[in-house]
Structures are given as structure tokens and as C-alpha cells.
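Before anything else, here is the set of structures, which you'll find just below.
Two complexes follow with chain A in common, the first pairing it with chain B and the second with chain C.
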Partner chain A sequence: MANEVQAPPFSHPRWQLWPGLVIGSGLLLLAGLGLGSLLQASGASDAGRLLAGSYFQNVIRFTLWQAFLSVILSLGIALPVAFALNRFRAFPGRALVLRLLELSLVLPTIVAVSGLIAVFGRQGWFTALLDAGLPGHGWNLYGLNGILLAHVFFNAPLAARILLQALETVPAPRLRVASQLGLHGWWLWRAVHWPALKPVLPGLAALVFTLCFTSFAIIMTLGGGPRTTTLEVAIYQALRFEFDFTQAALFALCQLAICGSLWFLVFRKRLDTAFMPNRQLSQPASLVRGKWFGVACGLVLAAFIVFLMTPLVAIAVRGLPALIPMNEPIALYHQLLPATARSLLIAVPAGVGAVAVALLTLAAANRASGRWLAVIPAMTGYLPLIVPPLVLGTGLFIFLKPQLGNPMQGWSLVALINGLMAVPFTLQVLRGPVSSLDSASKNQADQLGVLGWYRWRWLYWPILRRPIALALAYGIALSLGDFGVIALFGSPGQPTLPVLLYQQLGSYRMTEAAGTGLWLLLVLISIFASLSGVSSPSSGKGSGAIKPVPEPDHA
Partner chain B sequence: MLEINQLCFRYAPNETQWRFNITVPKGQCLAIQGPSGSGKSTLLSLIAGFLSPDEGQIFWDQHPIHTLYPWQRPVTSVFQEHNLFEHLDVFSNIGLGIHPGLKLTPSQRKAIDSGLERTGLAGFGARMPGELSGGQRQRVALLRALLRQQPILLLDEPMTGLDPETRAILYDMVLEEKQRGVTMLLASHDNEERRTLADIQWNL
Partner chain C sequence: MFFRLLPVAVMTALPLLAGADTQPELNVYTHPSFAAEWGPGPAVKEAFEAHCECTLNYTVLDSGGAILQRLRLEGESTPADVVLGLDTGTMASARQIGLLDHHERKLDDLALPIKWKDDTFVPYDWGYFAFVYDTERLPEPPRSLEALIAAPDDLKIILQDPRTSTPGLGFLLWMHSVYGEQAPDKWQQLSGKILATTQSWSDGYFSLFMNGEAPMILSYSTSPAYHMAVDKTDRYQAARFEEGHYLQVEVAALVKTSDNKPLARSFLDFMLTRDFQRHIPLKNVMYPAIDLGSEMPEVFDRLIEPSQALYLDPADVSGIRRRLVNDWLDALTR
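Let's look at the complex of A and B:
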């Protein structure tokens, strides 16, 4: 008989189930509280008249229209890019291009927008080219043009990354068969590519739609007039300037209803999107290529890279002189360094919290049985996407009634909400790796009694170390770039980096804004660089890089 | 004595039901043969507790074990493949069988090292499973099973697809265990394997 060991720490199933359930219900409660307290604070008022008003209908119409166009454009651009990246694996810098695509997820909106303005704005490079080649073109960045451009800038890379990942899950044997049969054109698409893309497309479209539907900072900077306002901005304006809680609550309910029913449809079909690759496949077979195929792929990729890079280059070119000033080097950093400290003070706890919540939620989702119990952890992953953070924040604010003049309370509130907002993204990064433990390993672990803390330490932690570092980087970065919640609670005298940038943009101190933008970009890159240094266990000793898992050799 | 008493199982409500009635005396090896899909692996999974039966009982030494969790049952399984945790080195893979949190005494560490030596894997402790051949992986899996010193060993085609030399090493290891009084169930297609290892043969 093996020596009888004590039950491993935290091995009771409740440790997997309850924390996630508590967090999920807490989030639901928070959202309910936010809406409830808004409605309560608003008192009796005329909801029907508000909903029938032309302002409300204009806002709804514009929000839907721009989100719809953004989805079409983003997916339309992402699809050829993903194809080109899928078919061309051997060109130098492919890994860098993939990093560039991932960067778009965390690039603070306000930084990207300032880059886009530098390229496409009135005095931008692109506009200058257009002026020279096509006088009287009437291009104007502000309005629908700019909103769509910015949405494509953010969402096309994200969509391309997800589509590429879907294309890479085509099983190697199927590719070999297609290669041997010489499939090309329509039948290659029907037999190989479409089956791989079909399951992710609805979820992806819903994700892009939600991100554009709830877009805030882009609309604030590039749109903003009554003709180009989204619900999220209307909520902000109602809360911040008009103190009209009824209107804010009603708008928030509309947003919840529209995005919620969209996700409900996606869920009904049991579709899922994963943001990050979670498996490596063996060497793909080569497929039939047309004569111009390579040229077309190269052109698509080059155009897309130029589109993504020019705003970043513009930020760097304009920001460098501000960061390395000749005459008075201290003045700029007087503002930058405290703002960085404040940003990190909010972002690091938010990132850590987002990772912890994601892990507990995944544990609960794996453990939860029964229809209703399983809904709660699933909600945690999607609710933050569709509940306006401002509503959560305002609800908490009204509920907790923190003393004004104590910035710490406001900041911890901001950190909490930013953490929750990052959960859908950290969750997606971690979901694949958590479920990558196959049932054979789980059975083995059950038999050996590797449970609770021991299972986490010896089975999950080695697999999850790298994804956790990545998720942490995303969590911190998303929170670092946040401009939504902080705009409501932050005090203008003590800005975080994005608020400082917004203030500088707002007062037309463009050189300083460029410097702040570049600084924020550099902070983000250094966070990613330091956290991607975390190594996976198998690369630590002996073998070097992770090898693709070999197919089992049968008898 | 391992007694399996009217054990019933079906994967889905309208699929065929399996019913098992077996007795294996202590220290003997029962070989089960039958075509693929005849329920060999199902039976072994039921004994290990990976599947739960619709009805019936399993007794070990007159104690019911079908109510226990997999980690509480006095059994160790070795499958045809996927026995090892791919992200842990050989030493940790074996060590987790002795203590599920890898808290090993010096003598247990020595036992692992000498076990590796005995099976021709001296110095392989720091290797990852991915760097081993199929035969080497099975030797590690079997070594872990033996070091667990559980009274029941469930072998689910553990030697299928291995070369004759590796088989010979594994046969020796299994037979030595049997001599120590371990009770075994062996699912196998292979005549030679059953002849070498089994005391009783049973057709499904």
C-alpha cells in the first residue's frame, strides 16, 4: 500500500467552484447596482419621451451604423491579411508582424488616435500627399471617416490574428490530402479554409461589433458632435455634464440589451473565439499556388503593415524631440514621471486582479455543473464587454459615496473597474492553455491523487506560466491605456498618462502630446518585453525551444 | 481477491450495455482479450474509477471500492500511451506517483534513481517525455506504477507497438511485481503477451 498522504491543500472541489461563482455573482450584482442606483438617483421621470426623442434615435442609429461598417471593413481587410500570413510562413520578420498585430489590442486608444491624426489629420502626411495628387478631395478625418479608420486600425489586426489562428488549426493530415489532390481555388476554400473559419466568424464578428459599439475614446476624439455620438459617449456626457442619471441609465440599458442579445445569439450556437494561439502544429504541406498569388499576398501584407506602422512611426518621429529637449530637460518630466507613477499604481493591481479573476472564473467554469450555475462564470467573461464601465463606476461611486478629495479611493475604484474590464481579454488568453490539459493527464492525476494545490503547482503552473505573464501584460496594458473610467473619476490636477495626453491634445500642445504618446508607448513596450522574458519550463533545461508535439506513433 | 459483481455500464442511454462479473485471486494476472470496442478499456476504467457504473459493485479484500474516488482506490493504471505528463521531466513524473505534491524523502529519491538504473534509464531523470522513445516512455510509466506499490495493477495494452527487447524488459518488471503478490488485469490483443504474463484468460 502506498504511504497514506494527507489530502492536498485546497483539494476540496469547493475551492474550484466557489471563488469563481462569488466573483461572477459579485460582478452581476455590481452591474445591477450601477444601473439600479442610477435609476434610483434619477427619481421619477419620463422615460418614454426620452426614448422617442430624436437625439436618442440619432445616437442609436449612428452607433449601430458605424459598428456595422466597422465590422464589415475590419473583417474584409483581416481576411486577406490572415490568408497571406497563413500561406507565407518563411519570410523574415513574420514573427514581428504577428507581434505588431497583437500590439493593436493593447495600444491605448488615445495614443493610436494621436498617431492617426499625425498621418491622416489636417496637417498629416497622408493628407499632404492627397493634397498634392488630388486637390479638392474633401477628405476630413473628423467624423465617420476617422471613426471607421480608427476602428479598422484597432480591430482589423485583432481579427486577422484570430482568423490566422483559426486557419492554423487545420489538421495537418487534411492539408496533406489537399496538397496531394492539388486542390486550389474554390475547392481549396470549401474543403480546407472555410471549415476552419466558419466556427470563429460569428463570435469574431460579435466581438468586433461589441468593441466598436461601445467605443468611447475614439468617438470622443474623432467624432463627438451630436451627429457622430455613440451610446457610450452619450452616457458619459449625460453623467459628466448634464447630471442626467435617467438618461444615462436608459442608454446603458439599451446598450446592454443590444449587445447582450447579440452575445446570446452567439452563445446559443456555442461558438467561441480565442484570442491567442494555444497549440502548435506540425509542418504544413505546401498547397497549389497561382502565378500571381505570391505577389498579391506580398502586396496585401505590405499595404497592411504600412497602414499599421505609419501612425506608430509618426508618434515616434514627433515624440522624440519632445522627450529629448535641448534647452529645458526637466519641465516635461515633471509631469510625465508622476503621471507614470499614478498610471502604474492603478494598472498593476488591475492587471494582477484581472489575471486572478480570470483563473478563478475558468476553474469555476470547468467545475460548474447544471445550466444556471454554469452561466455565472460564463457571464464574467462577457459582461464587462457590454456593461459600460462608466455605469459600473458610477454605480459604485453613488453606492460607496467616497469622500471627495481623497484620490486614493477614486483610484482604487478605477483600478477595480479597469481590472474587471480587462477580464474578458485575460480570460481569452488563459482559456486555451487551461483547457489544454488532456483528459488522459487528468485521469492520471486523479489516480495519483495530484489534486488541489498540488495539481495547480505541478500540472497547471508549468503550462500556464507563460500565458499568465502574457495575460498580465495585457491586463496592465489595457488598464494603463484606459481613458474611460479615469475620465469620470480622476481629478484633472493629478492626471494619469492617458488623461495627461488628452489634456495636452485638448489644449493643442501638440509637441508635448506627441512626447507623452511616445512615452506611453515605450512604457507599454517595456512591460511587454519584461513579461515576455518569462520562460516556459521545457525551454528552461536541455531542449531549448518548444518543439511541436509529435503525433503519437501507433503500432 | 478482486471481485467484480454485476457491474453495468453504458456510455449513452440507448447504447449497448456492458455487464461484467469477474473474480481475480490475489497475486494472479487475468488477461482479457476481445476485439476493439468489446469493453476491455471500459472495464479497466470502471475499476480505476474514471467511469462510474450504472449499478454493481467492486470489492477488494471484501471492502467495496466502487464508492471511492480514483485517488482513493488501491489501483495503478498503465495505458498504451499518454501515461506521462508531457511538461514534467521523467523524475517528476515518477515522483508524483509517490507523493502527489512531490514532497519526497531522500530514500524515495534514491528509490527513483535506482529504479531508473534497473530499467536501463540511468541518468534520464532530467529528460522530458518528448525526448524519449516509445519504449522508454513505457518503461518510465511502468516504473512509476511499480513504485506506487498499489496492490492492483491495471495494464491496458501497455506493450502494444513496442519492439521485442523493450517487451522483454517490461515482462520482467511485471512478472517480478506479480511475484510480490500484486493482482493484475491485462487487456491485450497479443497472444505471446498473454501467455507470458497471465494465469487466467478471459474472452469478452
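Let's look at the complex of A and C:
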């Protein structure tokens, strides 16, 4: 008998460390190359004069100011919503509300903005109500109002979801004790909620800040004029209209420096900010609360749902006439269906890639020791947010220029970049579940020799199935709605869904564009719905197996 | 589980497997509204391929600016033979790239409001910038730029940003042509009426104008032709301004590094024939570059006719553009 036991596949520790490190360094290299090749393509520059100019300083000031306000508002609204969702854990339609929270982040900007305008614009439903109930109210969407409103629409739902996960991690015994002691108000917050939210807040604030800092089309459409220029607008202008690569690279560097130092501040305290620490070992307990609290929670939740729903309803109302046409029903779908297929051909690899990268990065982050080694996987999660995709894409294009043979390679590049752009989000979704495996189980697995592939298959996969499905949905949906990157590489006359939308817009086909917008919304909804339908393994087989860890509620 | 990733890897690599065409081909870089299924692109492709014995390929980039950027990035190794979809605003930058060749055509039959003498760019359509208004909400639109500027601030208009949009730059030049050094003051008077300055024409037209947010938007004098001919509505019309309207000409050019210049030149010739031009009026919603005679759609008779075509030479524009943009920024952020 051979006394050698064959090691399980992928059981060596390096399998956990190196792939993540390689990906992280690759990403750093890409960003560096992108910026480097922009700088190289441009030659000498007058950086000092540019940065000292009042235009640049105004742009920076406004960008920071609106991002700061957006963070305060988004978190300020997300917090009560998360409390309300935490309070009501079993109302019918709660799962739908969670899907709704996922949706707004992935909506293509132009579709979402048209929905917001239909509700809050000068001729909008909300404004009409306001006119009737409160004449002389002075509400005006355009300007800082509109920017903040749109940023809250995009970011507050995401923040609410993440805060909700944090609140749900409060251990049941602690809730019971708090309940028995009759804690309420400030003391309840201090003893129970704040400790749960504290680790999540800095990273969350930094994430929302970065998203608002790099916001672009929203700012221009709703900002009202050149007073509301952000750094990303300036980068676009330099790259697309003035062909001033130096200026573009400089602006991009500033963006990197500002957002990067923010992330550094967050990380200095905790290198691995736990966004979704949803380890849960017992059934959740409810606090006994006053009646007024329940009413207030219900009102907040209802108001927020209405706020999220109405623009979607407006998109549907506007798009339906095109999707259910009276005269030539086939023609539109003749374009929509192939475009959907092409979009999926890009978005599915991008989404899968984003999930794979996130998992490998998390594995490496858990393994990596040492100050600098641990920085690399941590960077992977945030770099794609702060390097403008146009810069990343341009750099890649310059770098790969000689090898580019046919347009299909361009499409692969689009999938690659879209996948990278989605990594920060898939990482947020997966981080909590990956670290939720308790150390007792891990020790036991070590003793039993459940390592490598088997450990992944039998310990992680059961608890990660549903989070992975959610992360995949985010990854696919984010790249499905993306227009920016694909526009850079160009398409061989066959549009993806967002490109089709822009083609229709460019040719006055406004009704059809509205239809395409609604179609895109429906595709996104069905992606989330179908992937959230992934069942937990035990319920699927009906074997009555004991679940190692209760399913996270959010998945 | 690991092996389940295999099909995924295959799917990821799928785009790489699609091979390139081996037939003799003409590569044309263009923008989405030209190549769209309902745009002139497909019909033009069919008509040209009918007698060129070649394949016409479009590479669709999102704007004239993107076409230029792509050319610049690719440099001498660009596979493009022809670029189609640049305009008078991007001509000067395009020339500076140094990748475009002389067309060597006579261009005798052109029907443009100005005399065309350029040796690199061949025009294929043209139009005037104009304010399109909603007749149901604004029965009496301003009759001149001056009247628009002097109008009370409750008349709201939608503009595009000259830093990111072609019509936006067009209006900046329009204001400059009419007012010269007075333009910044006029911009300030106008500022109270500007509801939004959008990144692109599409954002403004779709999100704002068609949602009824403002009764007037900066667009083209030919825009109503589409609404009248295809949407069958007279609701949207262009306002004729006494000072004249700024002209935009869309052009194509030959790429210097093309390995099939005779074919590329024959495409430029084809571009100025009726087989190409008849698709321009309703599919590109612009004026054709040659006289179409009786083939011109009737709705074009009902469009406004500017008293004067305002036009600055592209070379001059490139010299003053940055200053004009800065003046505009100063005027609106002061």
C-alpha cells in the first residue's frame, strides 16, 4: 500500500495567495500603463500652469463639494431605511424590495435620468403634485438639487443594503439582553447598533464618495450649466474633444490622488474593511420596540420605495408604447433580440470574470501577510473605481495597438474592462460570506484534511452559492448597461443594447429609444430575478441535511 | 466546480475565435447614426457593393471625436481606408493628425450654401443649427437670436456643452459670428434661460425636450423634417433667426495609409452620386451635398430657409476655440 496520500487538488497555500496577487499586480500594471502611455503619447506639458488655473481649482472644489453632500444625504437616508428593513423582517414583498434596492445602481444613466426627470422635472408628476398642494414652492430640479437627487437615487439603495447586512449581524443574545434591559433611544444605539455599523461606515462612505466623485452624465444633464463641471467631465473633454492627452492624464492622476488617499485613510485603520460581515450563527431575534417606532419605520420605508419606484414606472410608461406597437410588432424585436444576445455575450464573461477575480482576491487577502503584500489584493477592489474607464481603455488600446487585428478582439477587451469595473461591487457582495466561515469549522477541516478543492467544494460552496449568484447578477448587470467602454473600441455595425439605445437617440427615434430603455430595464430585472432564485443546496435536494451556517438573509 | 468554469472560459474566449473576413474590403470608420440599421449606412453598403466587387465594412465609433481619437491611437497601422462622419468642427484637428490624404476630386456638382475648396475633405451632407421648438407650448417663438437673448427668463431653453458636443460648439461659434467680442455679455444675458447644458444632443433631446421640460432646444433646422415625414407630426418646428444660422458640413476623407486607395477614392466618388445621396435627407436628416431634384422629399420644402449661412473656416476655428470656450466658461460661471 502506498503510504503517500495524494494531496487534494489546489491544496497548497500558494493556490490561495498567488492568483489574487497576480491579478492585483496585473491591474496595477494596467492602470500604470494606461496613464503612462497617455503621458508618453502627449510629450511635454505645462502641468504647473494647468493645475494652478482657476478652471481646474473650481472643478476640483465643485467635485469634492457635491460628492461630500451626496455621501451625507445617501447615508442619511440609507440609515433609516436599513433600520426599517431590519425592523420588518417578514413582510410580504420584502424580497422584492431588496431586488429594487439592487436595481437602481445598475440602471444605465440615461434611462434612469429620463425616469427621474419624468417624476421630478418641471413637468414631472412630483412637481405637479407640489404645484397643486404647495403653490410657490420654488422646487427646481436643475442644479445641485438634481445632482444630489440622482446620486441619492443611485447610491442610497446600495448603502441601505450594506447597512442592513451590518445590522443583521448583531448577535441574537445581545439583542435579547438589550431587550430585557429595556434599552432604547441613545443607549440602544450606543450598545447595539453603533458597534455593528461602525466597521462598515468608513468603507461605505468612501465607496459612495468615489462613485459620486467620478459621476459624469448625471452631473451634466441635471447640473444646469458649466458651473457644475466635475473632474471626470474635464477628462472626457480633454480626451475626446481637445485631444490633449497630457491634460487628461493629469486630471486622471488628480482623481487617483484624491480618491486614493481617501481609501488609504480608510484602510490605515483596518486594512480589510468588512463591508458585509454577515456571520450569523443563530436565528435573528427581534427587539421589542414602541409602536411609534414601527410606524415611523413603515413610513420611511414606504416613502423610499415610492421614491425608487416612481422613476421606474415612468420609464415603463414611456417605453411601453414602443414595446407593444400596433402596426409593425416584429421590426423592433428584430433589433432588440440580437442586440440583447450580443450584450450578454459581453456581459456574461465580464460578470463571471468579475466574480472569479473577487473570489481569488479575497482568498489572497485572507492569506497575504505583511504590510505591502496585503495592499495588492486590497487595491484590486478599489482601483477600477478611481481610474476613469476611458483612461484605462485608452491606455490599453495604445499598449495593445500592434496586436489588435480584428474588431472582435476589441469586444473581448470590452468584456475584460467591464469585468474589471464590476470587481469592486462583486467584492463587496462576497467579502462578508467568504469570511463568515467560523474558525472552529476551519480548524476542524484542517484536522480532517479537508483542504484545497474539497474545502472549497464542501465548506465554502454551500454558503457561497447564493452570494455568488447575487455577485454574478451585479457583475452581469453592470456591464450590460455600460456604454462608455464599448464606444471607445467601436463595434462592427452590430450594436449591443446600450449602443442600440444611443443609435436610436442619435436618429430621432425617441419612442423606440424609450422602448429599448424599458427593455434594458426588463433584462436587468430578469437577470436579478433569475439569479436570486438560486436555491440553497439543502432545500434543493430535500435531504434534510443540517445547514452548516444559516443562509445570509440578503442572498 | 472548477471544471464547470471551463465552459465559461470558452465563452469568454469566444469573441477571439471569430475570424476576420478574407475578401477585398473597404474599411470605413463612421458614427452610430450613419451606420444604424435605419440610417443611410446599410442602403449605401448595398448600393456600393453592387458594383465595386468588394466588401464595405463599417467600424462604428460613438462620435466624430471618437473617430479622430481612434485614428490617432492607431497611427500608421490603422486599418481604416475612409473616415466618414467628421464635420467642420473636427476638420482642423483631423488634418493635424497627418493621416489623411488629398481626395484629388473635382467636386463640381456640390450644392452647398458656401463655396467648398478643401483638398482633403469631401462633404456628403450639411445642415444649419437651429432652435427646435414645441408649437403646442410655444406658439410664438423668438424671431431672432437677439429676441431670444432679450426674452424673459421664464422662456427655458436646452443647450449642449461646447466642450463635449458638436451642436454645442456650433452654437458657441454662432454666438461668436453674430456678436464677436460682445458674445460673453450676451451669454450672460442668456444664462437665466438655460435650463440645462447637456453632455450630448441625445441627452437633451430624449431626457429633457421630449419629456416636455423646456419648449426649445438647440438642434438642427432639418430636425422637423424627421418629425413631419416619419412621426407624421407638425408639432416640432425650427425657429428662423434673422441674423442667419450657423452651418455644419459633414465630411469624409481618405486615409493616407490605406492599401486600397483607388477603391477608397471610388467610394468618395460614389458618395456624391444619387445612389448615396438619396438616403441622406430622411435617413441622416440633413441636406444632401448634391442637388437631388425631384427625389428630394417634400417635407424639406417646409423647413426654414436662413437668410444667411454663418460659417467660419475650420482652420480659424481651431485657433480660437479654446479661447471661446474659456470666455464662455467665464461668462456662465462669473
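In this section, the second predicted complex is superposed on the first by the 466 of 555 C-alpha atoms of A that agree within 3 Å, B and C clash if a C-alpha of one lies under 4 Å from a C-alpha of the other, contacts with A are read in each partner's own complex, and residues count from 1 in each chain.
The criterion applied here is as follows: a residue touches a chain if its C-beta (ideal position, glycine included) is under 8 Å from a C-beta of that chain, and two chains touch if they have at least 3 such contacts.
As the structure is a prediction and not an experimental result, all values here were calculated from the model.
Trainee: Between chain B (first) and chain C (second), which, if any, makes contact with A:Gln335: first, second, both or neither?
Mentor: second
Trainee: A:Ser114 in the overlay: touching chain B, chain C, both, or neither? Say first, second, both or neither.
Mentor: Second partner only, chain C.
Trainee: Of chain B and chain C, which one touches more of chain A's residues?
Mentor: Of chain B and chain C, the partner in contact with more residues of chain A is C.
Trainee: Contacts for A:Leu448 in the overlay, against chain B (first) and chain C (second): which applies, first, second, both or neither?
Mentor: In the superposition, A:Leu448 touches chain B alone.
Trainee: Based on the superposed arrangement, let me know which partner A:Arg227 touches: chain B (first), chain C (second), both, or neither?
Mentor: Touch partner of A:Arg227: chain C, not chain B.
Trainee: Touching A:Arg457 in the superposition: chain B (first), chain C (second), both, neither?
Mentor: both
Trainee: Name the contact category of A:Gln503: first (chain B only), second (chain C only), both, or neither.
Mentor: The answer is second: A:Gln503 touches chain C but not chain B.
Trainee: Touching chain B and also chain C: which chain A residues?
Mentor: In chain A, residues 453, 457 are touched by chain B and also by chain C.
Trainee: In their complex, what parts of chain C are in touch with chain A?
Mentor: Its residues touching chain A are 1-2, 5, 8, 11-20, 29, 31-33, 35-39, 41, 57-63, 65-66, 68-70, 72-75, 77, 93, 156, 161, 163-164, 191, 194-199, 201-208, 210-214, 223, 226-227, 230-231, 283, 285, 322, 326, 328-329, 332-333.
Trainee: Which of the residues in chain B end up touching chain A in this complex?
Mentor: The touching residues are 45, 48-50, 69-71, 73-77, 79, 81-83, 85-89, 92, 96-102, 126-128, 130-131, 134, 148-151, 160-161.
Trainee: In their shared complex, at which residues does chain A touch chain C?
Mentor: On the chain A side, the touching residues are 9-10, 55, 58, 110, 113-114, 117-118, 121-123, 142, 216-217, 220-227, 233, 236-237, 239-243, 335, 345-346, 348-349, 352-353, 356, 394, 397-398, 401-402, 405-409, 411-412, 415, 453, 456-457, 461, 487-488, 490-493, 495, 499, 502-510, 513-514.
Trainee: Give the list of chain A residues in touch with chain B in this complex.
Mentor: Its residues touching chain B are 1-3, 5, 8, 438, 440-441, 443-451, 453-454, 457-459, 462-463, 537-538, 541-543, 547, 549-550, 552-555.
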